[in-house]
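Please go over the structures that come below.
Shared between the two complexes below is chain A, which pairs with chain B and chain C, respectively.
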Partner chain A sequence: MSDKSAKGLLPQGVDRANFDQAIAKFRNLLGAENVLVEEQQLVPYQKVMMSTEDANHAPSAAVTATTVEQVQGVVKICNEHKIPIWTISTGRNFGYGSAAPVQRGQVILDLKKMNKILEVDPDLGTALVEPGVTYQQLYDYLQEHNYPLMLSFSAPSAIAGPLGNTMDRGVGYTPYGEHFMMQCGMEVVLANGDVYRTGMGGVEGNNAWQVFKWGYGPTLDGMFTQANYGICTKMGFWLMPKPPVMMPLEFQFPKETDIADIVEFIRPLRIAQIIPNSVVIAGTVWEAAAAGARRSDYIKEPGHTPESVLEQVRKDKNLGAWNVYACLYGTQEQVDVNFKIVDGAFKALGRGRLLTQKEAGNTQPFKYRSEMMMGIPNLQEFGLYNWRGGGGSMWFAPVSQARGSECDKQYALAKSILNKHGLDYAGEFIVGWRDMHHVIDVLYDRTNEEETRRADACFNELLDEFEKRGYAVYRVNTRFQDRVAQSYGTVKRKLEHTLKRALDPNNILAPGKSGIDLNNKF
Partner chain B sequence: MNTDRRSLLKAMTLGSLATIAAGHSGFALARSAATTSVSTVPTLALVGAAVADSGFLRGIAASPAASVVRAKHAGLGVDFILELEQRLQSGQSQRVIGLTDDASATLIVDLARSAGARVHWVSLHNVSAESARHHLVPGPGGTATTAQLQRELDAFEAAQGDWSALLGYRLAAWTATADAASRFATRTPALTGQFVSFSIEA
Partner chain C sequence: MLRSIESAAAKRMAATCFAWALAMSAGSAFAADAGDNATWKDGKHVYDKVCGYCHDDGRVGPELLGRQLPAAYAAAIVRHGFRAMPAFPASYIDDASLQKVGEFIATAPAPKK
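Up next is the complex of A and B:
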């Protein structure tokens, strides 16, 4: 690894004098304690898990704002000095780039201190929050107020936040698991300093901002997600009424080749909303790691883990080759009826094993999977990082139709590429209404430079080979964002850059995010 | 080794690390004979389950800063993480050092970031009987103390004993002065596996 310490680091194209002037203005606007420039303050902002040097994503500074007016002030300074800023909310986008900027030298705008829960309406089941609000904070708020509502969140639930997760189009595990679908109303600071509210938010005195998404004319919410056209400072979203009964279920299947039939079993139940939540079909390594197993408990040799070892892991941890998690919600009568339908379909499949809370008790991974489906925060899934150890983690997340044949193809292809590079398939399918998010954690040891190079080559090959077959990922870490933008075609990129030129001519908002950067030739 | 220190170490290795407060009978971290001037800032040492039996805590106990260090198990429990978050954001001057697994360290270091704390040291360690790798984040550079510790770890050989004792001693004392660390590093078998160490100042 080369020497690229953060000392004296500047944003691209910005000279020292200009940068120092901007820093002085930031201090004046935000207070010196909210402008971080010392290396020891910036180290945790650049701890990445990607197959590249930490220094390639080192920030030159980090600033924290506490009000919308301060965000407007930051944007003004950035325009004056052409300072590129990388905005984070809670910054817990682990495996997708964490808190580090997409390009070396960008100034981080950290909105963690904007952490007010502005409104929760228990009757309408809506919330309006600032960027720094965490799911745990919101969970505690609902508990304290005894509101009969529940949350949907991603696996780093307790410490991540709804605004950031939704802006990155993350998913959860409840019936409200497609988070952007449940979003309703945004407030966005644009690059020119204007404060834009989507949907009904622009109508003076209107109170339907969090209940009616569309407003009038073009609906623009989506263009601010996974994008760099504005800084979201408030977000509304819908909360699910907490049902009187929740019944988590696990179906274990013994063979890897069962995947196609599993999807065919689940899809009709999912589309018909008999099973209303985002069902997970998780492989052995994922579940074993979340249950506390480490690869080194079983094998010391480098390379991918042989099938014979995985079989042993399954026996020890009481896992299937595929482990399917679903949950039924409603009154006891509703749950009973739906269970009968689900159980009937499962029995017709003629294989596998069904576990309920009664059989599984408090064992992992059933416990944490159940909690996520019931809206209870936990951090159990971080155990994935201990499977191989070494701090390397990159999510590869292609989408597909919810068809057995598609999953069969994607699984076989992913596993063969990962194993070829000496890495394990640690993956799960998340069944949306009609789609599958195939989420694979490419786990590797960053202390080993050779393995890091292999992981990098592996990720590139995954992107290339999936693209050749018509697949693309829905989200990716900052190292590969420009590469993935290429998969979606030139017309889309030209349009995105046209919008960028119109909205942010100085290219100050997160240039490089999702491959959008006015320094590109579009 | 005197009886107090032996019972302390036994308590630590048995996992009685919930809160090892200086001065509590049988749980106080032993004072070192060394007289190196070090910080007296209250310090929390976080250790993973696999580390409790290692030389890491012995290294801390042997350091001149031992009397201000309390130790605690790190984990993935929400309660532990929220308590640590509250602690880091309390405004109290303090240090948090540790040697944990990757999962816990990922959370701990990020809590330091969101608390606006200074992170003096983050390093990934992969140590087996055959080899040892210590990967400093963000790479070469940093302070004299950081650079010296990195050099010492890189130069450390298995025959010298347990690298984690050296690390514990150095993270607790946090000075660039070459002193007794290597002595304590020779007393225990080397800790093997994958870990992350850190030193945080809030």
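Up next is the complex of A and C:
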């Protein structure tokens, strides 16, 4: 990687004098200790896992705010000096860009210190939090107060947070796993400094902000997710009542070709809510890595891992080619009834193996999968990064119908492209309700320049070949956001840029996020 | 633009009051979370809530405890990250807490197996 130091770096189109004036104003507003310009202070924000140089996503500065008024003040200064800012909440968006800005030189607005749990209502099962609140913090809060509620989170649960994850439309593994669906009420600082509250939040004296999503007239919450039209400073969302019984299940299937039948087995149960959670259908490499296996334990040659080796991994780690995780929730009576239905459908399928807590005990990956389905934080899934080592990870996440033939097609295509570039298929299908988030971790050794170039070519080819077949990803890392915006068509992009011109004419809020930047021609 | 910011002053005041009211209604939450330095009680707290998830028993990252790793070494890895190990800025783990967790790691005995 070449040396493109962040020292003396300026945001695009901003001269030194303007930048220095803005920094002086930031210091006056936030205190000098909350305005970071030294290289040493900025280093933690530059650590990325993408197939590009760190320098391409280096910030020129970072500022930390602790109040909504300070966020408004930052926005005002940015307007005065045309400073582009990249807002982060906990900055744990690994494999999607981590904390680093989409464009080199942007100033990071770090909201991690806004870490207040503003309200949890144990009767209504609602929460209202600031951007810096982590799932761990909220989990501890629920435990301390003995509230009968549970969380849904993505795998980096303990260190990531609900506001950031939901704003990026992340998913989890419980019945509330489609996190944006469970979001209820947002507070957003707009580029003109206004503080806008969605839903019922604008009604004086109203207390239904966290219980009724739609309010009156246009419902705009979605417009602020994966977008750059405002800075979310508070978010409400729903918490699931903790049921008296939770029964995690694993179904193992021996052959790759089983995927189509697995999906046909699961879909009716999921749509009918017999299995209410975001079911996961995970491949061998994912589960083996999470259970502690490293590729180097088996093979030293570079390139993709041969099938014979994967077969050995399955034997050693007691895994299927596909490993399906589901959970039943309710009273013992409800769980018993639903288990009978699920088991009946499984037996009718006539293959595979069913494991419960009784058979699996405390072994991985069953343990961490069970915990995630039961809302208990852990970071076990980071074992993925040890499969190849070297810190390279980019999520390729195409959406598909929850239909066997579609999943079969996507799996075969992804695997062939990954293998062609000497990389492995480390993927899982997360069953939304009627959709699949087909989430593939493009794992590579980022300390190896040649492998990094291959990973980059691979990711580009995945995007191109999936697009040719009518597929697109639901989320992508900051290196490829403009590229993915192209998949969704020009009309959408024109509309998004029309909104951007109206709401943020100085283009100060995260230009480039999801491909929205007034420097584009749209 | 400036005018619209100024004209929003009244709304901002209303928002402030609302936030204050919320804070009062959730007093215990605020007390628990107030102030960035209050987030971490001590070095062990940081270790248990962040580091330990990956490093306990070497379940994802290498075992850290019982190795007398210098606090400065741990601090450098936390701030820079290392390969798959993510970097944590001062907003996440402030300098004083980083020093404490470094000291905890440096002096904690090896876990009993």
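Definition applied: the second predicted complex is superposed on the first by the 522 of 522 C-alpha atoms of A that agree within 3 Å, B and C clash if a C-alpha of one lies under 4 Å from a C-alpha of the other, contacts with A are read in each partner's own complex, and residues count from 1 in each chain.
Assume contacts are C-beta pairs under 8 Å (C-beta built on N, C-alpha and C of every residue); 3 or more make two chains touch, one makes a residue touch a chain.
All figures in this text were calculated on a predicted structure; none of them were measured in a lab.
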If you stack the two complexes on chain A, which partner ends up touching A:D54: first (chain B), second (chain C), both, or neither? first
Mind working out whether A:N448 is in touch with chain B, chain C, both or neither, as first, second, both or neither? first
Give the label of whichever partner, chain B or chain C, reaches more residues of chain A. C
After the superposition on A, what does A:S89 contact: first (chain B), second (chain C), both or neither? neither
Return first, second, both or neither, reflecting whether A:S296 touches chain B, chain C, both chains, or no partner chain. first
Just checking: does A:V68 make contact with chain B only, chain C only, both, or neither of them? Give me first, second, both or neither. second
Where does A:G193 make contact in the superposed view: on chain B (first), on chain C (second), on both, or on neither? second
Which of the two partners, first being chain B and second being chain C, lies in contact with A:E38: first, second, both, or neither? first
A:N277 contacts which: chain B (first), chain C (second), both, neither? neither
Classify the contacts of A:S514 with the two partner chains as first (chain B alone), second (chain C alone), both, or neither. neither
Looking at chain A, which of its residues have contacts with both chain B and chain C? 36, 40-41, 43-47, 49, 64, 90-92, 94, 98-99, 112, 136, 158-159, 377-380, 382-383, 385-386, 389-391, 446-447
Residues of chain B touching chain A in the complex: 76-78, 81-82, 85, 101-104, 106-107, 109-114, 116-120, 122, 124-126, 128, 133-135, 137-142, 193-196, 201
Show me the residue ranges of chain C that touch chain A in the complex, using the header's touch definition. 1-2, 4-5, 8, 11-12, 15-16, 19, 22-23, 25-26, 28-30, 32-34, 36, 39, 49-50, 53-54, 59-61, 79-92
Residue positions on chain A within touch of chain B in the complex are 1-7, 33, 36, 38-41, 43-47, 49, 53-55, 58, 64, 90-92, 94, 98-99, 112, 136, 158-159, 296, 300, 377-380, 382-386, 389-391, 445-448
Touch list for chain A against partner chain C, complex: 36, 40-41, 43-47, 49, 62, 64, 66, 68-69, 72, 76, 79, 90-92, 94, 98-99, 110, 112-113, 115-120, 128, 132-133, 136-137, 140-141, 144-145, 158-159, 187, 192-195, 292, 377-380, 382-383, 385-386, 389-391, 393, 446-447, 505-506
